[in-house]
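Shared between the two complexes below is chain A, which pairs with chain B and chain C, respectively.
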Partner chain A sequence: MAQIRKSTGIIDWLDQRMAVNKMMKVLVSEYWIPKNINFLWAMGVILTTLFVLLLITGFLLMMYYKPDINLAFDSVNYTIMKEVEYGWLWRHIHAVAASVIFLIIYIHTFTAIYYGSYKKGRELIWVSGMLLFILFSAEAFSGYMLPWGQMSYWAAMVITNLFGGIPVIGDAVVEWIRGDYAVSDSTLTRFFMLHVCLLPLVLIAVIALHFYTLRIPHVNNETGEEIDFDIEAEKYLKGDKANAKVIPFWPGFLAKDFMYIGFFMIFFFYLVCFHFNFAMDPINFEPGNPLKTPPHIYPEWYFLWQYEILRGFFFDIFGFSAYNIGLIAFAFAGIALFFMPIYDRSDVVAPAHERKGFFVWFWLLVIDMIILTIFGKLPADGVTMGISNSWIGFYSTITFFILLLVVLPIITTLEKKRGGK
Partner chain B sequence: MSVKQERRNFIGLAFGAVAAVGGAFSLVAVKKTWDPLPSVKAAGFTTVDLSPMKDGEMRQIEWRKKPIFILKKDANMAPNDKRDVVVGDSRYIVAIALCTHLGCIPEWRASKQVFICACHAGEFNVDGINTFGPPPRPLDIPPFKIDGTKLVLGETGPEYEKLVAQA
Partner chain C sequence: MRELKILIVVVVLSLITYWGIEPYAHSIMHPKVDPVNYNFAEGDVKQAEVVVSKREADLESAKKLGESAKIKNAEKDLQEAKDSLEEYKTFWAEIGAIDFKKGNAQKGAEVFMNAGCAGCHGLEVAGMPAPMDNASASEAYKVVPPDLSTAGYLYDDAFLAAVIKNPNIALKLKHKFNDENPYPMPAFFGAGGEDINQELADMVAYLKSVAPKEVSDEKVFADSCQRCHDMKYEKQYVFTNRVNLAEYMGSNPPDLSMMIRSKGADYLHKFINDTQKMLPGTAMPRVGLNKKAEEQVVAYMQKAGDEKKAERESLGIYIMIYFLIFGIFGWLWKRKVWSELH
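This part shows the complex of A and B:
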């Protein structure tokens, strides 16, 4: 046992028993952050804030929500919205946060791509981040079906049916996931379990992992400069704070983060109070009806690009059915960005505007994903500017894959040959 | 020393074996927990009387929580021995009303004589055969038996066996 002496105070008492001072140094006060990072690096802490908001409002909603197909719709739309005091507030915070968290996740992800933060030594940050994206998608989808509205029901129908595409055992897997021949009560209760228990537990664990992957390689910075954190930290600790290229996470960096959280929360509660409807699909205010499909099914905005890729293929190619190609493309779109460190063959860690080819590629990818998102929302049988929506969907889907699988490896290989930028 | 090491290895191996067996059994149990319950599996049969249906009429009924299309063909619709359910002098199309792509319910457009699934623009003709879009196969035919003018869904009769054998 360690030598325990009479303590001088609460902190000292704790320090002798669990080394709190050392822990604070390792985690915050001597965890070094580069100085040259901009507001885009604050998205992580905003995501953490949103996740906490979702967790707390989720607990409050769970007290009145009933996971039963006969009660679920009314427990949300009547009990929580009309009877429970401030129930509407928790619901709208929960719904708006669930939607906005994806906006911030996309900004966070594209910041990492823009500045090359997935490369050389930071691969695990990227991989754990993409894992979080998949988990958040599953969490969002399982939560979306809980109010048992029309769109919830049919979203559950379509998504569970996707597993029917697995060779040989597909139909059995769909039945197994649903626990019934159709989406029904057993499906609702198990998705409830996933949404409120299993997935949040896994999410918290992976978020912790994501934070930890940052600890050793440290965060990237605006210029991609390779900073020797030991030397810079020493400067800082010796008092040469002006010349040190780093500041401690606390109090230096978090103070700035709190300012961004402040700005963000003003925007967030403006949405919650005045524009909460954008996160609410009107069709979902009609109870789920297994015998009637809404005229036009579409997912929430943040899944539209993947959804468009799913339906981008509507004709058979070389004997492969459109159905299978669509499913494979969709499944791949879900995990495509995982492999960024493999597609990018160059070692250059620099912002995109200092890597000409990559810069063009980056914005083409963003534009293509915005087009996919827009057309994911439009009816598949419509026509835009004289071109059928199906064909626009097809070409933007192909573009997505070519950009990732062909163009990126080529331009980064050329970049490597040129020996840099 | 070496003897002790061997003992440790053995204990490690033995523990691994016990854990693997236990893990495999619990996976089976977890899998079965998510399977449909017996009460769900025993979900009953649905009987429909076809005699009141008019020529060209489309009906949607429910069987095992799934919607079913029953369409009585009129004189304009070409007979198709591979898909038609013949009851007396009349021909019917009986199909599970779920698009074979991702399970939405297609809409019967009587004017164009097609089933259209709005979700991914899949199209099926009057016989329920996929003619456009991503659906990989014609609409599925539910197991049925013909009992006079009545159609019993959930049981397989000789007429069903015949249709499935041709498909």
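This part shows the complex of A and C:
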């Protein structure tokens, strides 16, 4: 055991027992961040803030929520919204944060793609991030069902049904997930457990992993410059702060992030208090009704692009049914971005505007995903500018896959041959 | 400046996505309809014309397909729509011919008795309670007939006269009730007087004269909606026996507690004003409230479904101011920290 002497204060007392000074250095004051980053690098801290908000409001909501199909709707819309003091505030913060967190996740993800932060030493940051995306999707989906609104019910019905597409055991899997032949009370209670217990535990663990994967390769920067963090850190510690290319996580990085969080929260609470329904489907204010199908069933906005890929294939190809092709495409779309470090054959780490072909590819991907998102909400039987929506869905689905699986490997291989840029 | 450029790109892309999945998608899913029109004569004829032009379009596309069965059906539908348009035109022209200024409340009271209105309806304000309790009335008519005390407050002259003269047309329930399956309230063919229009004007004048000048939102809701709808978050429950009601309407009408959130005020105004415009074929009658009463109903629904609106909005301002100050301090701190980093 270490030699324990009489402490000079609380910090010292703790330091002798837990090395808090060392820990603070490693995690905060000597955790180095490049200096040349812009506000897009604040998205991680904003996501953390939103996650904490979700966690806290989730606990408060859980005090009054009843996971029972006969009570769930009223426990949310009556008890929490009308009887509990500020219940509406917790509920709206929870609901709006659940939606906004996806907006920020997408910005965060596309930032990583734009600056090439997924490759050359940072692959694990990317993979753990994509894992978080999948987990957040599961968390969002299981939570969406809990208020037992009309769209929650039917979304759960449709999504759980998808597992029926698994060969041979499909029907059994659907039944196993639902705990019943149809979406019912047993489905609600297990989704409740998943949403408030199992998934948050896993999420917190993977968030910790995501942070940890950052510790050694460090975050990327605006120019993709390869910084020798040891040399730059030494400069900083010697007092040459102006010339060092790095800043400590605290106070340098967080000082900026606090400002961003402050301004972001103005926007966030504007949504919560004045425009909460931007994220809530009005149909969800009708209680779930197994006997009445809503005219259009669609998921929340952040799943729309995947949903459009699911229904993008509406005709059979070479004897494969449209349903199965769509299902495979959907399953693949869910994990497609995981493999970015594999599709991208080039070693160049630089912002997209310094990589010509990649720059065009990046914006095509963004536009394609926005189109998928918008058409994911529109009724498939409609016509837009003289083209049927089904065909637009089909072409943008195909475009998504070609961009990722064909175009990206080709342009990055060419880039490599040219020797970068 | 680069940061500002990036921010603009992020905001613009988010807004395009937002526009696509909210206003645009919803405008496609809920095609535009004419605005609320309290002049029912004009509104009904217009709406009937809309239906005719829709049926014409359907017939055109059926002809393009060339299937004779479909064309036949489309032709039949078009003919029905045209007949319906004619019917509305005639009906409202007849109502338009009534001179309500000549209505005499005293005579109206006599007509009211002679026409047998009190056989089914109560008129509490005039000391006439409903002839049956709610349970027996539910059995007898499948839905409890309203007490007419506030009718003069809830409806304007023309609608009152129209509903007395021919409730099935005025309430837009022709698709549901016909000669074999008549509407529980019979049409009015006169109560023995010489001029049916005069009798209608008298009855309207009578109902207007007995109606209270001010009615609470809750009472307006009770008299207009509660015979069929619950508002359980306000602890208001249907008057009619639920079994009879489900039989009468085809299914149990929904609870209205959350309707303001699931449909929104604009939809509700249009729906109350003309059910068939918003949900063709629905079993719910057109409510026909005048502007003031309709606003009261929607306000009551707002209270039930969005009670904390005022609190939400006033607190919202404070929270936003708090974070503005937080952000300014954050900015000052950042300036201090970064002054030696540059």
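Keep this in mind: the second predicted complex is superposed on the first by the 421 of 421 C-alpha atoms of A that agree within 3 Å, B and C clash if a C-alpha of one lies under 4 Å from a C-alpha of the other, contacts with A are read in each partner's own complex, and residues count from 1 in each chain.
To be clear about the criterion, contacts are C-beta pairs under 8 Å (C-beta built on N, C-alpha and C of every residue); 3 or more make two chains touch, one makes a residue touch a chain.
What you are looking at is a predicted structure, and each value in this text was computed from that prediction instead of being measured.
Novice: Quick check for you: in the superposed arrangement, does A:Gly252 touch first (chain B), second (chain C), both or neither?
Specialist: A:Gly252: touches chain C, not chain B.
Novice: So, A:Pro295: does it touch chain B (first), chain C (second), both, or neither?
Specialist: Both: A:Pro295 reaches chain B and chain C.
Novice: May I ask you to name which of chain B and chain C touches more residues of chain A?
Specialist: Touching more of chain A: C.
Novice: Counting only touches as set out at the top, which of chain B and chain C does A:Ile177 meet: first, second, both, neither?
Specialist: first
Novice: Touching A:Gly326, do we find chain B (first), chain C (second), both, or neither?
Specialist: The answer is first: A:Gly326 touches chain B but not chain C.
Novice: Between chain B (first) and chain C (second), which, if any, makes contact with A:Lys25: first, second, both or neither?
Specialist: A:Lys25 contacts neither chain B nor chain C.
Novice: Figure out whether A:Pro379 sits in contact with chain B (first) or chain C (second), or with both, or with neither.
Specialist: The answer is both, since A:Pro379 touches chain B and chain C.
Novice: Once the shared chain is lined up, is A:Met157 touching chain B (first), chain C (second), both, or neither of them?
Specialist: First partner only, chain B.
Novice: Could you say whether A:Lys238 touches chain B, chain C, both of them, or neither, answering first, second, both or neither?
Specialist: neither
Novice: Intersection of chain A residues contacting chain B with those contacting chain C?
Specialist: 295-296, 379
Novice: Could you list, by residue number, the parts of chain B that touch chain A in their complex?
Specialist: So the residues of chain B in touch with chain A come to 31, 34-37, 40, 43, 60, 62, 64-67, 100-107, 116-121, 132-136.
Novice: Considering the complex alone, what residue numbers of chain C touch chain A?
Specialist: 2-3, 6-7, 10, 13-14, 16-18, 20-22, 24-25, 28-29, 233, 254, 257-259, 261-264, 305, 307-308, 311-313, 315-317, 319-320, 323-324, 326-331, 333-334, 336-338, 340-342
Novice: Quick check on the complex: what are the chain A residues that touch chain C?
Specialist: 35, 38-40, 77-78, 81-82, 88-89, 92, 103, 107, 241-242, 247, 251-252, 255-256, 258-263, 265-266, 269-270, 272-274, 277-278, 282-286, 295-296, 301, 304, 366, 370, 373-374, 376-379, 382
Novice: Which bits of chain A are touching chain B when the two form their complex?
Specialist: The contact residues of chain A facing chain B are 154, 157-158, 160-162, 164, 175-182, 184, 186, 190, 290-293, 295-297, 310-311, 313-314, 321-324, 326, 379-381, 390.
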